[in-house]
Amino acid sequence: MTPLSSCLLLSSLLFSVGFAGVLMRRNAILILIGIELMLNAANLNFIAFWRYGSAPEALTGVMFVIFSIGVAAAEAAVGLALIISIYRHRKTTQIDRMNSMRG
Amino acid sequence: MTWIVRNLWLIPALPALAAGLSALAKRHQRRFSASLAIGAMGLSFLLSLCAFSQVMLAIAHGQASRQVVNFPWFQFGDQWLKLGWMLDPLTAIMLVMVTFVGLLIFIYSTGYMAHDDNFTRFFCFLSLFAAAMLGVVIANSLLLLFMCWELVGLTSYLLIGFWYHKPSAAAAAKKAFITTRIGDLAFLVGMLWLFSQAGTLLFYDQGAGCLEHSALTAMVAHLTSIGMAASTGIALLIFAGAVGKSGQVPLHVWLPDAMEGPTPVSALIHAATMVAAGVFLVARVYPLMAAHSDTASVITATTALQVVTWIGAITAVFAALIAVAQNDIKRILAYSTVSQLGYMMMGLGVGGVAVGMFHLITHAFFKSLLFMGAGSVIHGCQEEQDIRRMGGLSKLMPITFATYAVGMLALCGFPLFFSGFWSKDAILHAAMGWSISRVPFYLGSLGALLTAFYMTRQVYYVFFGTSRLASHNEVAPATHAPHSTSATPHESPSNMTVPLVLLATCAILLGAIGTPAWPWFDSFLSGESPVFAFAGFLEHGILPVMLTSTLIVFLGLALGWWFYGRKPILSADRPDALEQLHPGIFHVLQNKFYVDELYEHTVIRWNSALATFSDWLDRWVWNGVVMSVSNLVLGLSWLARSTDTYLVNTSFDEGCHTVTTSGKLLARLQSGRTQSYLRMVGIAFAALVLVLIWSARS
Amino acid sequence: MNLTPSISSLTVVPLVGALAVLALGSNRKLARGVALAFAFLALLVTLLLWHHFNSASGTLQFEEVHAWIPALGVQYHVGADGLSLLMLLLSTLIVPMSMAASWHIQEKPSLYFALILLLEAGLIGTFTALNFFHWFLFWELSLIPAFFLIRLWGGSQRATAATQFFLYTMVGSVTLLLSFLALFLYTGIFDFITLGELARSGHLLQSLAATSHGTAATADRFALLLCLGALLGFAVKVPIVPFHTWLPATYAEAPTGITMLLTGTMSKMGLYGLIRILLPIFYLQMRSMRTPLLWLAVATVVLSAYAALVQKDLKRIFAYSSINHLGYCLLGIFSILKFTGDDPALLSEKAAALSGVFLQMFNHGLTAATLFWFVALLEKRSGGLRGLNDFGGLRKVAPVFCGLMGIALFSSLGLPGLNGFIGEFLIFKGVFPLAGWAASLSTLGLLLTAIFLLGIMQRVFAGPLNPSFAHMPDLTTAERLSLFPALALMVTLGIYPQLVLGVINSTVLHLVQQIR
């Protein structure tokens, strides 16, 4: 097994765990955590492809991941703010109660 | 032109005025109304005498005996329609007869109708009748004559139905009007034809009238498509009017029913004057009836006159036969009138104007005498009209009996002393010499025999024997206000008996003016001075005819005595002597040869069938067409509506419904739960991955 | 001072009256009083016209011509000859009678009387207009108030009757309108007088042939079609059998005052149209259909009389009797179509027939309206009963009523001395030489009329008194006075018909000359 494959396998597992968390959990915060996991799986992919890819000299993969983490942090902040606002409104963070988007 | 000719219109105008005034009178103004009517009639009578003497003078001085006054009535197109009146011997004699008989009957009515509620109305109608009848007499225009003729019919209608509360009277009135109107319509058509042929309806108009030479020649020459001369056709149509009015076969059925009217009405209208108007009409248009192309031959019986003769002769016998078996005192007289009118027609046909008219005049007197006598009898017997329930009245009502006997003998034609003998004899003599056939003479003789027989029967029933009235007194119907409390028959008051006596006198004396020895009547009508000559009796054929008719009359009287006078009639319910002899024939006669029934089952039934048919046509055919068109339109619109409702609307609705339900179905996916959306995405992602893997492997 | 009123002012009088009555609204007594006053005013104006009419001239008088829509050839053109004047007199005479007969109407009287006045305006307009455009407006204007009068105040079957009446006359009006629009399309003329002149000079057929690019034969057929279309419009209105089935139902269901108007005046609109419009313009086409038309006239006379025999409702009897009487007019009109050239004798017969027709139109209007009036009086007393067998012996309790109604009945029967006779006599006198068979057959109608009219007298007046009418009041003084003019006119015209004939005679001659 090549190191790349192992990394990709790991990141897939990570992604799957995160995705499962998003789908299964009802608490909005846990879902957010799941999303972070999936994001980090993606970051891991970037690093792996950069490190074992065709041009490991340029720091493109690291740059990608640093930006991605920055964006994820911002996103998490916005997400949390939304959750808090919903909590204030609905007194709950259970996501399955929220169906106002129903057609 | 003398005063009386210029003012001849006054004669009918006076009674008309009286009628108008008494129409406005209140119900209780009896004396006013009666004296008005009698006064007007009296004045008319005086004026008629003036007119009569005027004609006599004119004849005596050898002047023209006919004077006419014509006046324009209204205009149409470029011409005026003219009416007019005339004074000629025929008019003069009729005027005197009508006004004199009318006056007597008016006076008689004051007694007969004294207790009636509608006394004033009665005199109003009587005056109107007199006016119309006098109008018929003086008319110099067929149109004016027709108009008055119709008015006479109207008053006859009103007077027959005078006791309107009796359904039978109302029905009889209607029947009389309609039956005579059938004849009148033929008369109308004849008049229209005459108008279109001659261009005028004036009888005499200085050579331009329709009865004058030029018009007659043209009409005789004008042949219709069936080869008959126009004059014949017109004459026959006009004669049809006379048939209706004078109750000739086959339009005689109304006259006996008309006896539902008060008796003075029967005497005046249905014996003396109106029914004789038909005879008068034929006499008036005699030049038309006798118009023929062959001027050379002296005596020719034209087709029209032959028809007149035959109808008259048949009617004379037919009605006399029926009269034999009747039991109602007035119906016997009514059929007798029909029969005598037949005689008059026959007289006109075979012998000319004078023969027919002479019988008309004498008949007017003795028949109105008989009717008024019958009225007196009815009056005396509490409105009983069935001769079987009378009897023995000769002692109780002596004046009535005496005068009735005179009338009866005059009607039978008892020799020498009674006017009927002379007038009937003239007819028989003329019939004897008729060029076409001898049959009318035999029919006439048979009629004379029957007349003598049924009158004898009636007189025996009514005046002789014992009174059969008392036992049936309680069932006698009081048709109008009860006016007598005494049960026994009694003589009538003097205002009823005096006219009877006067008329009886006339019935005897009048014969003197038409004997063969002194044919005053004949020459008066033809505008000549009469000559007295006993030689008249010796003229060819006169004495044998006189002897024959005398024999016939005696035979009739003897037969009547044999059946009814030999043994007194004891009970009202015993069958008639003739009925015992031959019940079958008697019943046929009693039922008037079933003519009414025949009409009921033919003409009247067809008529009502046509009426029903026409109504059916209206309701179902015409209306059906309209209804089917409208139903068609309705159907089409229903179809259009159904297409709309069920086809267009339904499919549209259905489509909408499907869209909605499917939308709902899809909307269920849109649960609003983010996670379910993500699940979808997950599943899709997994599927995509699988597909990719699958395709990468193959 | 010259007081000759104009025809326009006569037309305006009832219109103003209608508005005034509507404006008065709820005050019942005032409304009917005002309505009657306006009706009398119209009568007065008509009498003034009658007075100023020059009876020696047969041409149109009191003519007024104003341009209206020049682009369409529409002029306001009115005028009156003897016929128009007679019809005007009849209309303005019948309207007050009808008002008097409906004097005690309870429901919305102001609307009722206003509609009657509107109807009168329509009638006056129809009888005087000489241009198809506004003639047709008036023709329809009279129809609409009649519809509402029947629909709102009629008997139990009024909805059906009103609809039937409206639809029937509407269909007739439509074909009439189409015919005249076609004529206008090919000639560009709406004016009756000009069209008549064109027809007489033969230009009408020429222009039909020229514009439709057809031969003379197709033009003939086309003209015949136009004539039939116009004829249908009038045939329904008169009515001619078999277009008459609306009439008995309508007459029976309309309030009796309105029936008087329908029979007295509106039925004359059809005859008037036949004489004024159809005869001068389409005389050639009518002449080609003369025999079938005469058969229709005879059928109208005889069948309607027969149908009257079996009716049980007095109003239906008089309705059929109306058809019968108008049938004689048709007989006269159709018989004079015969081609006679210059034969003076036959021209004189035609004049007689046409004089008779005019007189009969007037007489029938007067008599039939009076008869319906009597029915109205009877209904008022019997509480709405008017069956032939509902009464009996009324002479005993109401002798004056029976006597006066008897006069009207005998007038209808054509008794000499009353008005009905002269008209019928003149018609028959004229028709007999022109169409002898038709005249002879139609005399049957005279007999049948006698049978059913005497039947009425027998069943209603005579016989034993029906106990439920034992206390029926006789005519009141007011009723006697209001009936008096009509009855007096019947007697007067019966004795002195020259009163009318003198006025119409020149018109008759003029018309007869036109359709020679």
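Going by the order they are written in, the chains are A, B and C; count residues from 1 in each one.
Following the convention adopted for this analysis, a contact is a pair of C-beta atoms (placed from the backbone, for glycine too) under 8 Å apart; a residue touches a chain by one contact, two chains touch by 3 or more.
Keep in mind that this is a model prediction, so the values were computed, not measured.
Of all chains, the one whose Cα centroid sits at the greatest distance from that of chain A is B. Distance from per-chain Cα centroids to the pooled protein Cα centroid is smallest for C. Chain A and chain B, compared by their mean Cα positions, are separated by 128 Å.
Chain A and chain C have Cα centroids separated by 102 Å. Centres computed as Cα averages put chain B at a distance of 34 Å from chain C. Taken together, the chain C residues at the contact with chain B in this complex read 167-168, 241-242, 244-245, 248, 303-304, 306-307, 309-311, 345, 347-352, 355-356, 393, 395-396, 399, 410, 415-417, 421-422, 425-426, 428-429, 432-433, 439-440, 443-444, 446-447, 450-451, 454-455, 457-458, 461-465, 496-498, 501-502, 505, 508-509, 512. Residue ranges on chain B touching chain A, taken from their complex, read 666-667, 669-675, 678-679, 682. Chain B makes touch with chain C in their complex at residues 73-79, 121, 143, 146-148, 150-151, 154, 157, 161, 164-167, 169-171, 173-174, 177-178, 181-182, 185, 188-189, 192-193, 195-196, 199, 607-608, 610-615, 617-618, 621-623, 625-626, 630. Residues 19, 22-23, 31, 95-96, 98-103 of chain A are the ones that touch chain B when the two sit in their complex.
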